[in-house]
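Given below, in the form of structure tokens, are the structures.
Heads up, the next two complexes both have chain A, just with different partners, chain B and then chain C.
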Partner chain A sequence: MTVAAAPSPVRHSARSWSGVPVLLAILAGLFLLHIAVGAKALPLGTVVDAFFAFDSKDFDHVIVFNLRLPRAVIAVVVGATLALAGALMQGVTRNPLADPALLGLTSGAAFAVVIATSVYGLATMALLPWIAMAGSLGAAAIVYIIARLVPGGATPLSMTLAGASVSAFLGAVISAIHLLNQETFENLRVWLTGSLAGRDVTMLYYVGPPMLVALLAGILLAPRVTVLAMGDDVAQGLGVRTGPLKAQLLAVVVVLTAGAVALAGPLGFIGLVIPHVVRLYVGSDYRWIVPYAALAGAAYLLGVDIIARVAIPPREISTGIITAMIGAPLFVHLVRRRTR
Partner chain B sequence: MFSLPSRALTTAAAALLATCLALPALAQETRTITDDAGRSVEIPADPQRIASLQDLFFSVPLIELGVTPVGSHGRVVIESQPFMRSSKMLTGVDFDTAPITFLGTGTEIDPEAVAAVDPDLIILSTNQDPEAFASIAPTVLLDFNRSDKFELYDRLAEITGTGDALKLLETRYAQQLNQLKAQVDAPNISVNVIAAVEGQIRSYRHFAALGRLLDEADFAMPDAVKEIEYGKFADFSPERLPELDADLILVTYRAEEGETAQDAYDLLEATIPGYCAFLKACQNGRLIAVPRDETFASSYSALGSLAYTLIALLAPVPDVRPD
Partner chain C sequence: MSHATAAPRHLVLRLFDERIALRIPLRALITATSLTLILLLVMSISLATGTYGIALEEVWNTLRGITISSAIDNVVWEFRFPRTLAAALVGAMMALSGATLQNATRNGLADPSLVGISQGAALAVVALTVLFPASLALFRPWAAFFGAIAVALAIQGLSHTRQGGGAIRFILMGIGLSAFVASITSALLTYSEIDRAMAALSWLAGSINATNWNDVATLAGWTVILAPILLALSRTMSAMRFGEGTATGLGAPIRLANNIQLAIAVALAAVATSVVGPLGFVGLIAPHAAKRLARAGMGLHLILTALWGAILVSLADLLGRAAFAPIQIPAGIITAAIGVPVFVILLVRTRPTQTH
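Let's look at the complex of A and B:
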């Protein structure tokens, strides 16, 4: 696994630049499509009017501005942050299977939110991101401690196995809470599958600022992740203080993951698949992988959510279900392609 | 000639007496019914100790028919004792107010818990395995997912021999329904029953008690609701909100879990900011919250209270005009 994630020499520099406007154009196109289509067919003129001549008494304008636009914004934020978090984790751990879900961060955040809301009856949204972050951080600490305690220390393999174990354990505890608290758990049923439907956009006020800081920090730290991905010895030989760098990157990943979970529930596969897709195009230079993953992750989740909203009208499918249904075969395809 | 020891004689006499005492039980009359799975089941003619493996659709109707089960399926929340859904609100009967043993939650009820209450009949639902309980007592399987939940009363009355009690309940309901029809011009009033659920608007068509009442009083409904199968519900995108408008909109909340009418309105507002401006029912003060416990039970008690709720909401009021 270490070999698969190790960087090849930096390449594709000119090609990498050229991809940014293309990705931005795709993202913008999907964003507009996300706003233009939905359960109710709206003329394009109405969609445009909603932006430039908003009338709060016109329900079509309300659909565009109050229902579709916030959902599209949340899709962009969640998709970008999960993909970026996955890319950073794969670089830090030198493990191509690393992603926030596999290393227990998503489960930790979900577990903390479930405990806070269904057991302690938390109703204050402002606290939710902090609780999710505490859950992510706690899960990360447990995974790291377990991996350190096994013979050989915290290798990519031991981290992956510890992460899978912690995720499975927390999933089992969530199931147990479900059995003990069926009635109040009903409110979390869809959220736990990962969903963008009916999400409270005001949550962005609370999670947005720390996520933005973490996003910028991730982009700034990306060049050093390229060095780190060559191995601790090489990185230290090049003057990188690996311990503090890893701690900073872990903090970035925890904030991004917890914010995404607080916004949309535990969405899987984005942090795992998108960095691999990006790597096919830009190689192993994290200066490019990180921003590309953010853009591609945002575009991917927008596209997936469009499918979730329009696939079987009038109903909607939970976004997390579509994410997994597309992400799983895509990941298998990527693995087959790499092994050829 | 030989003589038996006196101890042997005493033992034989005791055994004979015990056998005689047990005979009425062994000879309990039975009858054969066909359950909803098409199984032919021999059940006691007059079952006295029924274990009900579904609370809302079996236990509550049984209690309204005058039969208290010895054990029942129930629900749990961490901070409270087990309870039967909606039962205390509709009948006053629950695990803490009647000698009913809590048997478990969900579909995974432990056969040992059922055996412990020594039932003479077990009523279970289609998502449970009758063979798992067959060695304990006769098992009757009823489908609670049927579109007309009140058909379960017919089945339960047949099984428990409480047809007379059911007739009384039906008679009372018929009077309440007649009052509603006499005072409200139902065919010219459209009604929709909704709830905000996970970012969607759930609409119910002729679902359970409220559904039966609306159907039999002949209320109209929005065209979008006609798309829903009878006795079922469907989730609509919030974008279709205006299609769900009606003269009267009843929005449900879970009173048993401590929710209030305000919670129902808040959920709608969170799902569709400013929803009230786009529903004429809301603009006219005709968007009313009602407890989900009563609307979604199959209960004659619920039918009565809902009938009077609709009369209070929709019957003509004095034409009071300022001088």
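Let's look at the complex of A and C:
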């Protein structure tokens, strides 16, 4: 037996698979818990009953389906997509600080949505995801151009700083527009802090299909991201056409981010935190990082949202506040560790 | 007595039998004068503009103590004058804070609101008002100072590594830290009663509209204490412009000067924040604008910076309340909208050696 050569990838693969059922179990548990807790605490048994033996006369079952389930589903979708988008961005840009929020993509989407709804009075929801996509694509382009202009080129640090400045600027403009349109301000105020409360589930019908396509595309492209993460030269040497691949990945990231923003508003730091945590377990292979990030992101946002709802009853903290509280220290740590 | 210019571009003042001699670059002197005039102009327009329109002449007469009507008296003395003065003072303080911070950290991108110092002050003030609503307004500047100094120490500690901190890294850590501090502030606001939270919210956007004479007294008092220390330090500060090694060689007490500068930068930002809330980017723009207009020694540079800051915030406040009247846009939003493009330009111009 050639023990030395073979086991490493096999063991790695086996270990990698082993995490999937665990994560799925955690995800399912958190999903049920997320539905169970709240202003009216429901026993877990009732929640399970509501799924398998729905009784339209049972008030608790109605709560589960009409009020709690949409929020849990949105948390799963948003958490998974933001984490996946973050993982892909970190791979493509070889930037451990990449995150849809930090690089300005979420504020670009939010800005476009605010402009469309408050300045142009857009009312149809069907167009909103596309507007959000255009916004985040525009913001990504501006951030990249600024980072390229900085002496030293588009390093992780200059890119992140460019992203932060673009976000700050768009944030200031959004606040100004809000103050000028008090009505839209009332409508969008909660949405803009990145909250999962009172989200409209119909938005999911509009953003769901493109997001699903992007999600699958992201998982299919993941093996080539591993190669890309080794550097453009290496990737080209291994036969990867880096230009088209980067364009495809950008499209995936933009669609995912815009969809998540349309659903839950700009939530920060999820795309930063989750891939780093996942990497601790599965290493640097994006075939594993990408699906794990999606699962872990969904579980993470469910968990954070549970905390947001139960931390200071009867009020609710915006989910975005808690993700920032957890994510910002990790961000500082990553910047600090990065010596060059 | 003043006489004889040494070079065409300098004015040499010899006072008290040459016991005090100053060599002032003429251009900077002219700039300072014109900036002062612009500031006065902006302030008087600000006094005259508003929902209750008053002619400039009437404003002037009111300020001289001539009562035209009790309504005008009331509007000018009770509402607009304290607000205008507060805007100018806050601008000067934030500008000086930024200039000092840039000198102490030798980082052209430093600004009290960018590295989290303002947010630290904001957190302390919000915590004080939310958790101890009965506390006196007198404690606010002190709470703000302790919050700000805690963040300043944290960022100093974090950015001090073996490799030494680069400009961009320092700012990025500040951004991370401010995001963290701001999230705690938001959580505190969620926790508090709604009416108190609403008051705090408008304050957090950097709004000057609620200032009264007490606030002006606080701001002016602290400026009178802190600004002269800064001017006294200006010689050491100009030595530090050349870098740590040269400054030490020139006999500047680097360590002490650094600590004093940091403390003053924090104190200025904290007091200003405690009155009007975090006001972004003024400390970033003003020193660079001052440098652009006229090269000057550190002392005059600080004065120019303070004037710039005062003009900037007065103008932002005026724009914010006049442009879209009757809706008031907080000055902080306007300074941020102006400040970010300036920041990006400065970022693009940083020297390559500083970017890592």
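What we mean here is this: the second predicted complex is superposed on the first by the 291 of 340 C-alpha atoms of A that agree within 3 Å, B and C clash if a C-alpha of one lies under 4 Å from a C-alpha of the other, contacts with A are read in each partner's own complex, and residues count from 1 in each chain.
The working rule: contacts are C-beta pairs under 8 Å (C-beta built on N, C-alpha and C of every residue); 3 or more make two chains touch, one makes a residue touch a chain.
Fair warning: this is a prediction, and the values are worked out from it, not measured in the lab.
Trainee: Tell me which partner A:217 touches in the superposition: chain B (first), chain C (second), both or neither.
Mentor: Touch partners of A:217: none, neither chain B nor chain C.
Trainee: Quick one: classify A:63 as touching chain B (first), chain C (second), both or neither.
Mentor: Touch status of A:63: first partner only.
Trainee: Would you check which partner chain A:141 touches, where first means chain B only, second means chain C only, and both and neither mean what they say?
Mentor: Touch status of A:141: no partner.
Trainee: In the superposed arrangement, which partner chain does A:115 touch: chain B (first), chain C (second), both, or neither?
Mentor: neither
Trainee: Taking the superposition as given, does A:180 touch the first partner, chain B, the second, chain C, both, or neither?
Mentor: Touch status of A:180: both partners.
Trainee: May I ask you to decide whether A:332 touches chain B, chain C, both, or neither, giving the answer as first, second, both or neither?
Mentor: So A:332 only meets chain C here.
Trainee: Have a look and say if chain B or chain C is in touch with more residues of chain A.
Mentor: Counting contacted residues of chain A, the larger count belongs to C.
Trainee: Would you sort A:315 into first (chain B), second (chain C), both or neither based on which partner it touches?
Mentor: A:315: touches chain B and chain C.
Trainee: Could you look at A:40 and tell me whether it touches chain B, chain C, both or neither (first, second, both, neither)?
Mentor: first
Trainee: Using the superposition on chain A as set up above, list the residues of chain A that contact both chain B and chain C.
Mentor: Residues 179-180, 182, 315-316 of chain A touch both chain B and chain C.
Trainee: Which chain A residues qualify as touching chain B in the complex?
Mentor: 38-40, 56-57, 59, 62-63, 66-67, 118-119, 177, 179-184, 187, 189-191, 195, 197-200, 309, 313-316
Trainee: Under the definition above, what is the set of chain C residues touching chain A in their complex?
Mentor: Those in contact with chain A are residues 158-159, 161-163, 166, 168-169, 171-173, 175-177, 179-180, 182-184, 186-187, 190-191, 205, 280, 324, 327-330, 333-334, 336-337, 340-341, 343-344, 347-352, 355-356.
Trainee: Please give the residue numbers of chain A that touch chain C in the complex, ascending.
Mentor: 97, 146, 149-152, 155, 157-158, 160-162, 164-166, 168-169, 171-173, 175-176, 179-180, 182, 193, 268-269, 312, 315-318, 321-322, 324-325, 327-329, 331-332, 335-336, 338-340
Trainee: Help me check something: in the complex, which residues belonging to chain B touch chain A?
Mentor: For this pair, the touching residues of chain B are 75-78, 105-106, 196, 198-200, 227, 234-242, 254, 256-257, 270-274, 277-278.
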